[in-house]
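Common to both upcoming complexes is chain A, partnered first by chain B, then by chain C.
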Partner chain A sequence: MNVLRFLQTVDRRLLYALLFLTVAIPLLHPIVVPTVVLGRGPLGWLHPTFALRPFVLPVTVSPSTLMVYDEIQSLPPNSFVLLAPDWAAGSRGENGPQTEALMRHLMKRHIRFAMVSFDPQGPIISEAMAKRLQDQYGYVEGVNWTNLGFKVDQQDFLKAFVLDVRGAAPQDYNGKPVASEPVMAGIRSAHDIRLVIDISASDSYTYFIKFMQGPYKENLKMAAALTSVMAPEAENFVSSRQLIGCLVGLKGAIEYEHLLGVSGTATAANASLSAAHVLIIFFIVLGNVAMLLERAARRREDQE
Partner chain B sequence: MTGFSPWLASHLDSLMLWIGVFCTLGFYSVLYRENRVYRFFEHLYLGLATGVLLVEAWNDVLLPKWFDAIFKQGEWWWIFASIVGLMYYFIFSRKLNWVARLAIGFSLGVTAGQEFQAFTNNVWPQIPKSFKPLVPHPALYAPNPLHLPPKAAEAAHIPLLYPQVTVPDAINNIVFTVVLLCVMSYFFFSFEQKSRALKGTAAMGRWLLMFAFGAIFGSTIMARLALLIDRVNFLMTDFGSGVMGPPGPLIVFFILFALCGLMLWMSLRARARGEGTDEPS
Partner chain C sequence: MRFFLWLFLWLFRWLSTWLFVPRHGRALYESLAGAIAFSIVVLAVLSAAPNSIRKYTIRAVTLLAGAFFACEFLYPVHSMPTGADPAHRGNFLTPYVFTVTTFALIVSAWTVGLGLLNLAQLHGKRLIRGGENAIYSAAFFFGLISVGIIGLLQKPHANAINKNLYTLLYTGALQNLDATVFSIIAFYIVSAAYRAFRVRSIEATLLLATAIVVMLGQTSIGQVMTSHFPTAMHTEVIRDWIMSQPNAAAVRAINFGLAVGSLAVALRVWLGLERGSFFDSQ
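Let's look at the complex of A and B:
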């Protein structure tokens, strides 16, 4: 009875400490599992060899992530994509790996992209990320990518932007005229944009649907990369094909890195995320079982 | 900032890492209980975010679009934008607050007009897409005189009239339709739900909504864990390796482990003394 009571009144700080260990240990060292490999000795005899090998969690790619990947994969090189990193430091844990994975894919496919943000911290964070990745893929700022910076009043900006890209965003984040940048060659209106990707911790992607996709270019394809909290609301839009797909939180970034075949920030967090989920599910089950057993024991005591 | 201090220029990266560590630990001190350190860092973050907003709004919007336009390019008509903007401040005057109402009314009207467009583009495409085929059928191509089979029609580039619906697709669509109707019936508030069938579907709709909210809550847990992983990764990898080299992550791990132990010890001591640790300080 005391154990059952204890299980229901465990100090929450103990759970925090366990959660920290669960998250930190896989980051510290990859989980290894003992494996037995059968090999042949000099005389041709089979003999087992024991070895510790890193345990790689299987990644199942959801259709929603796969559709975003396929869309970028199908774009011809030198196409133009509008990337909207509408997120701040508060959601870096989810939107950061998503942005990194999407940028990697665009750079890998030699696709030009411009970034425009409706969050004041967005341009700072995304520019730092693009500059960190550009050398790996031979990208040059202004030639292959540009940062159009922070814009206020998303709906009015988008209404102007779809008609006249250079008029709405005449200069980039560093004050250079956009018209002089090779990356913007031939980009005058929304008709010249092949894909819009909004990476967000809010419902900012709906503004692109409302004011960019609908009236001006029905065929403008849109994708989103959202935090896990916001992603369920986007399911409607994926189902109606207003969004071609959606990356859901850190899991979406892990799936995307798996598709890209790179081991980045998200992949490093995969084991921690899974282990933390297992821990939480274990404690939910344990707490509920303890509650049911205690209730049954109390009922028996009352009957006696 | 780094121009006048070579020391600052050479140590800026590690200084930023140290600030990040103090901020992270300050925020997570709330796990023990509400405290002044947490409050300080919370206010610091809010202040910084507001500061960034002001700087970005000036640098990216007001300076190129308004200030430079008026004073460098001679586009004097942008002065009217500032007049409308300043009209909002009349809200603080009891006598002249009608001036502010003019500006507010104008922007409300514009927004309301745009909302028609927004609603149409946002919701309307979802309505036809919710009419899903419930019976499996092969791909149907536009009528052609030869009545070509699907593969031949595809090879001849005959446009697709309806895509193929497999048995799993049909089952999926039936589930979708049942869920949609049940949830919608729950929101019939215009009349009393006396019919037994309607009561049943509405009750089912309520349960389905609960499942959806449960799924959203599960996603919220995943989001919070992702944020925790990011912070632990920052402390151990970015800071640990960046400042202390290869053994850094292990050292940081043990320091954090010791902090967790300290937190538990303090909690147990407070409990033994009968002091609560949940009340805000």
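Let's look at the complex of A and C:
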């Protein structure tokens, strides 16, 4: 009985420690599994060879992620995409790999992009990310991409931005006039933007739908990359095709990296993500089984 | 009436062509000083005015701004500007959207300043009063002043000291603190899920089963566990169905309710009918 009670009231500090180790160990050291391979020796005899091989979890791409990938893949080179990294360091674990994967794809496809953020930390983190990736794909700031910086009020900014892109954002994050940047050539209103991608830990994508996509009907395509907790709310917009697709949490970033054929920060965290979820499920099931067994034992005692 | 409408639109055209143009060098600093002085005068006049006048001024501005956006949105829209044809500008109110939204952006920026003033007032009092929590107020002032000064200095005077200090405070401290605070939630979630998810009723059992399937479907390990089952029983397939069907239906219903409620609240605020406001409590 005492054991059953203990299993229902495990000390939270033990849970914290186990979660820390579950997340940290696969991140710091790749999981290896012992494998046995049968080979032939010098005399032609079969003999087993033991080896430790890295355990790679399989990745199945969800339709929602695939739709975002296909949309970017179908854009002609030199198209213009608006990327909105609306996130801060708090959601870096999910939004960071999503932003990186999307940037990689845009750069790989030679698509121009501008970044605008409604979170003060967004422009700093995303600019650092773009600068880190640009050399790999031959991108140049101001020519292939630009950072329009942080804007205070998303609703009012977007109302002005859809009509006059350069008027609403006359300078980039570093104070250079946007009109003089080759990346903004021919971009005057939202009509000239082929795709808007909002990467967020909130429902900021709904403002893009209301104030950018609303007056433009289906001409302006939109996608979102959201944290796992925010994604369920976006399902409606995906089913109504207001969002062409959505990257859901870290899993979405893992799927995207898989599609791109790169092994980045998201893929590195795949094992940690799985292990943490298994730990949560294990303890929930453990607590419930203990509770049911305790109830059954008590019922038996009462009958006796 | 036509004259007033004409005067109103002329004023906005003048404002958009003269006031909201990028300025550089001395003109920028003069404009900044002028804008701050003008704002202080407006705030001082509003503060000195009796409550009844302030109440009607705020209601009038709210009504006017709301009417502008409502009319602009509801009036039939013509083709919007494109790169090839930038002259097309929607209906007759659309060219003024930029000016009105710039006003709104300036007011939003002022509210940030107002928030800072309130915080400074609160923490200033705590700091003067002393006590065991005064250290937190000191940390607030240290953070505000240091990040503010270095943030302002590092762009016009981008020397190594300013840049390194900015990186230290912003990338080194703020971002990591933010990430740490958010990460702690994961630990609480594990503890809370373990204690709260108990099969005490049929509804709770259904919720638990759904949560486990969705969690497994959101990870690769869940896919491994069910990879030998028929496709319809794969966790990722069941997860996608749960998210796109029952979940979407529930969220849609909530959104309809929220939208109707928001519309009612917006109308009350717009028409000045909202009770329990600051002025009503005076």
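What we mean here is this: the second predicted complex is superposed on the first by the 292 of 304 C-alpha atoms of A that agree within 3 Å, B and C clash if a C-alpha of one lies under 4 Å from a C-alpha of the other, contacts with A are read in each partner's own complex, and residues count from 1 in each chain.
Simple rule for what comes next: contacts are C-beta pairs under 8 Å (C-beta built on N, C-alpha and C of every residue); 3 or more make two chains touch, one makes a residue touch a chain.
Quick caveat, the model's predicted, so the values are computed rather than measured.
Taken together through their common chain A, the two structures put chain B and chain C in a clash.
Contacts of A:V10 after superposition on the shared chain: chain C is touched, whereas chain B is not. Comparing chain C and chain B on the residues of chain A they touch gives the larger count to C. In the superposition on chain A, contact of A:G149 is made with chain B only, not with chain C.
In the superposition on chain A, contact is made by A:S189 with chain C only, not with chain B.
Of the two partner chains placed around the shared chain by superposition, chain C is the only one that A:S62 touches, whereas chain B remains out of contact. Legend: residue contacts after superposition of the two complexes on their common chain; A:N288 is shown touching chain C, with no touch to chain B. After overlaying the two complexes on the shared chain, residue contacts for A:L163 are found with chain C alone; chain B is out of touch. Shared-chain residue A:L259: touches no atom of chain B or chain C. In the superposition on chain A, A:S272 contacts chain B only, with no contact to chain C.
Look at A:L28: by the touch rule set out above, it reaches chain B but stays clear of chain C. Residues 16, 19-20, 23, 88, 90-93, 121, 124, 151-152, 159, 170-171, 175, 215, 228, 231-232, 236, 239, 248-249, 251, 273, 276-277, 280 of chain A lie at the contact with chain B in one complex and at the contact with chain C in the other. Within the complex formed with chain C, the residues of chain A that make contact are 10, 12, 15-16, 19-20, 23, 57-60, 62-64, 88-93, 121, 124-125, 128, 151-153, 156-157, 159-160, 162-164, 167-168, 170-171, 174-175, 177, 186-192, 215-216, 228, 231-233, 235-236, 238-239, 248-249, 251, 254, 270, 273-281, 283-285, 287-288, 291-292. Residue ranges of chain B in contact with chain A, taken from their complex: 31-32, 49, 52-53, 55-57, 59-61, 64, 114, 117-118, 120-122, 125-126, 129-130, 176, 212, 215-216, 219-223, 225-233, 236-237, 249-250, 253, 256-257, 260-261, 263-264, 267-268, 271. The part of chain C that touches chain A in the complex is made up of residues 22, 69, 77, 80-83, 86, 89-90, 94, 97-98, 101-102, 104-105, 108-109, 112, 155, 170-171, 174-176, 178-179, 181-183, 186-187, 189-191, 193-195, 197-199, 208, 212, 215-216, 218-224, 227, 234, 236, 240, 243-244, 247-248, 251-252, 255.
The touching residues of chain A, when paired with chain B in their complex, are 11, 13-14, 16-17, 19-21, 23-24, 27-28, 88, 90-94, 96, 120-121, 123-124, 149-152, 155, 159, 170-171, 173, 175, 206, 209-211, 213-215, 227-229, 231-232, 236-237, 239-242, 248-251, 265, 268-269, 272-273, 276-277, 280.
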